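Chain IDs A, B, C and D follow the sequence of writing; residue 1 opens each chain.
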Amino acid sequence: MTDRVYETALGSSTKDKITLLGQDLAEDVMGTVGFGELAFWLATQRRPSTGETRVFEAVLAALADHGFTPTAIVTRLTYLSAPDSVQGALAAGLLGGGSRFLGVTEDCGRFLHDVLATAETPTDEAGWDALALDTVEKTKAAKKFVPGLGHHVHKDGDPRTRRLFEIADEEGLRGPHLELFAAIGRVHPRVLGKTLPLNGAGVCGAALADLGLPLELLRGFALLARTAGLVGQLAEELRHPVANDVFLSVDLNNRPVPPDPQR
Amino acid sequence: MTDRVYETALGSSTKDKITLLGQDLAEDVMGTVGFGELAFWLATQRRPSTGETRVFEAVLAALADHGFTPTAIVTRLTYLSAPDSVQGALAAGLLGGGSRFLGVTEDCGRFLHDVLATAETPTDEAGWDALALDTVEKTKAAKKFVPGLGHHVHKDGDPRTRRLFEIADEEGLRGPHLELFAAIGRVHPRVLGKTLPLNGAGVCGAALADLGLPLELLRGFALLARTAGLVGQLAEELRHPVANDVFLSVDLNNRPVPPDPQR
Amino acid sequence: MTDRVYETALGSSTKDKITLLGQDLAEDVMGTVGFGELAFWLATQRRPSTGETRVFEAVLAALADHGFTPTAIVTRLTYLSAPDSVQGALAAGLLGGGSRFLGVTEDCGRFLHDVLATAETPTDEAGWDALALDTVEKTKAAKKFVPGLGHHVHKDGDPRTRRLFEIADEEGLRGPHLELFAAIGRVHPRVLGKTLPLNGAGVCGAALADLGLPLELLRGFALLARTAGLVGQLAEELRHPVANDVFLSVDLNNRPVPPDPQR
Amino acid sequence: MTDRVYETALGSSTKDKITLLGQDLAEDVMGTVGFGELAFWLATQRRPSTGETRVFEAVLAALADHGFTPTAIVTRLTYLSAPDSVQGALAAGLLGGGSRFLGVTEDCGRFLHDVLATAETPTDEAGWDALALDTVEKTKAAKKFVPGLGHHVHKDGDPRTRRLFEIADEEGLRGPHLELFAAIGRVHPRVLGKTLPLNGAGVCGAALADLGLPLELLRGFALLARTAGLVGQLAEELRHPVANDVFLSVDLNNRPVPPDPQR
């Protein structure tokens, strides 16, 4: 192992200079590059355009906080229990960012990508609709769900979805993933017999995939957005605490029952 | 517990609208509010000015990635071991954000705040120098270190420090924490007998405190910045993996020794 | 939500008594129930027999520590970086307990269970061999691997495997999962054309499944065993630290390269 | 770094043999060493006596599960949100094992150790009482609390405390930490003017310290015990889920309020 070197284009430093992504951190990044722009750059190793940054930051805004989700409750309860460790409270909250509550973004991006990888790219709306129809039919036949379709609250349309399409259009960044997702929104009632909304988590996955971000990490961007939200949850907890009441609402209403040894 | 309600000014939603911080998320936040700006807003519940956002994002850029730190190595190794869980890899990396490697930012902000809380605010440089001199003397007498003073690599000055002062000055945001920190940089050689650099982590803590961000969460902002860095580390690991080589460099060089039962 | 109560058979307490699993904790558990026995009882809500406890503890011993695994390195590096948070160091290590390094135990238990769920239980060795042959053939035809088969070091046999079968036999606890796993060991060369060892992680999954432990949590028992191992790693790190050398071996051998913006 | 080797007395393996703590894992540990005994051995690198194992396992039993604590709720909520990652659910729960809910064990062990380190060891009960009296007086004068004193539920005595003293006495293992803790129980009313119970978490810390376990890791043993409890919580959640109801009890009772921008 003697000659092993570990290459990286991320941070490095010498006595007088700190380099990040090939840039002089102090002179060319600090004060010049916004945080969303930097996060994009770190993940792709290329600097995004202004339009790409705007779409990316719109996605992060859409995913940053959804109120008292399990992840928010977990972060507050962990801080209650271990106030000495802010990192533990944030990490605990992020660990809820799995398949059910934060996974749709990644699932949707991957789903659309897989369809596009094996299809010829349509050139007009009729072509997109045909591809979408085929996609929804095959998914239904396989007894699976189309990720990003449906929302338990926003049954008549998720306001984030319409807005993100609008922003992408303004920036000329509606790519094939968003096109296919939009077409699924148009044609799925013909197959499923009911109209479901395209949800916000799903459209975010489509937009991130169109931006060329790595599919394996789409969940990672949802988690980055959520980190900002969880810091906000902790800040609110510091001033207007609720975690102890949540804890007591469970603990004081516990009812001991006998063990239940059946598997 | 029957009537307990949980109040929050963060995310909430109705069938047709999603609200965040009292704003309409889709119409007034997405596409309009940058990610750094939003993170500041979430943490303080007030919208920052353009200048505040610029200083804040400069701090986040300064802290986002420092190359192969323990946190970066941990995230890469955890992803190697459990590639099914991006959230686990990010959370594991953040858990290294404790007292030693990411704690200086918080320690420095708190230290300066504590001094300012019990002193009359100086009105000129001589006044700041006098307060700083008193502070360094008392800290030395208590056999403690001034947080933010010294750096094992940038011995002649941390380039982030000079730059962050510059940005704060450009935005008219050099507040009392930065003033005191600067004065410590001027006067400490008189007490300590040697000249140490004001380090980047420390100046970031001073700047965050001047922005009015909650002191208890200064580490949280370092962790937010680092989350973007860790996503970048994972993206690089996906394309140019090093984690398995790191693992093998340890495992293949292990040498079994007998147990050592002394306490 | 006013009348919601949360039922549990686990811990509860009144002013004078603490109950756990329907037992008086102080009088009937402390000093009487071993830790492995208790962990089994907590997971199944039934008290294991002496033989079941012995097999279960043998599994935990087999999985407790494997030296400088990624999880061990992660725990040590996290402790180096955040020594204020033992819980963070342990949690970070456990987060590596995913599909690749700790997942075989769960994968193998589930695999065997799925086969058994759709087959008639054989009554003699010839019957087990036939079922195993069919299983290996189908798995190969599906271009998948049989979990628990093969080991990169113990190519001629994993010593834990032989021993765990022996212990299970001594206690009369070789159930259908272990039987099927043993048969796979006998017949797979006929299908695969080479002889692979039944590995220790796999046999542990088979044994845990035979004990009636919940399949969804087989990974949880591997993690419980590993928690004891990680405490041991931290104890050794306290006395004979290596984490800083591991960190430096990476950081000092880093080589900055230009960004690589291709996806 | 070329010649660096990493020494360890924990796990290692060759093609035919796995070694743990200098023992042959398969032949001398599996089926022979109980899980509590092994955890002790891993942490101290010496094999405990039967009596030491019994006291140690009594401590682990006392700390394994306390019902719907924040850590238990966090593990259940994280599993609800990310059922694909058992390791994440367990890690999230452990992250609540900080200063407030699991820290007393470590705090108490360290407190007693610090007193003993600077005092001559008493030889009779009167001597212990004098040392305890001095300790409680000094602690009160410093406006601090004696760790391990007081319990919000078991006001007339924590049943675990009496029992752990009993077990330690049966095994001849009441050492100086337990002696001092018992004496604090006898004399503190003279200083504090009221009688507080010696709590279970505290006596566990005293017992662990008497066993010679590393003080820096006393919290680690509480976390090991709790890992078994959290696996039990997950097993119960699988069969009798409550996490979704906990989540809804918060989310459905949320009340949006305007932002509150004061610091």
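As a convention for this text, contacts are C-beta pairs under 8 Å (C-beta built on N, C-alpha and C of every residue); 3 or more make two chains touch, one makes a residue touch a chain.
What you see is a predicted model, and the numbers here were worked out from it, not measured in a lab.
Of all chains, the one whose CA centroid is most distant from that of chain B is C.
At the interface between chain A and chain D, two copies of one sequence, more than half of the residue numbers in use are shared by both copies. Separating the centre of chain A from that of chain D, both taken as means of CA atoms, is a distance of 37 Å. With each centre defined as the average position of its C-alpha atoms, the distance from chain B to chain D rounds to 31 Å. In whole angstrom, the spacing between the mean C-alpha positions of chain C and chain D is 23. With touch defined as above, residues shared between interfaces to two or more other chains in chain B number as follows: 1, 4, 6-9, 12, 44-45, 67-68, 82, 84-85, 87-88, 91-92, 95-98, 102, 214, 240, 242, 246, 249-250, 253-254, 260. The part of chain B that touches chain A in the complex is made up of residues 1, 4, 6-18, 20, 24-27, 29-31, 33-36, 38-39, 42-45, 54, 56-58, 60-62, 64-68, 72, 85-88, 90-92, 94-98, 102, 153-157, 159-160, 162-164, 166-167, 170, 200, 214, 216-217, 219-221, 223-225, 227-229, 231-236, 238, 240, 242, 245-246, 248-249, 252-253. On the chain D side of its complex with chain B, the touching residues are 4-9, 12, 19, 21-22, 44-46, 82, 84-85, 87-88, 91, 95, 212, 214, 250, 253-261, 263.
Listing the residues of chain B that touch chain C in their complex gives 1-2, 67-71, 73-74, 77-78, 80-85, 88-89, 91-92, 95-103, 239-240, 242-243, 246-247, 249-251, 254, 260.
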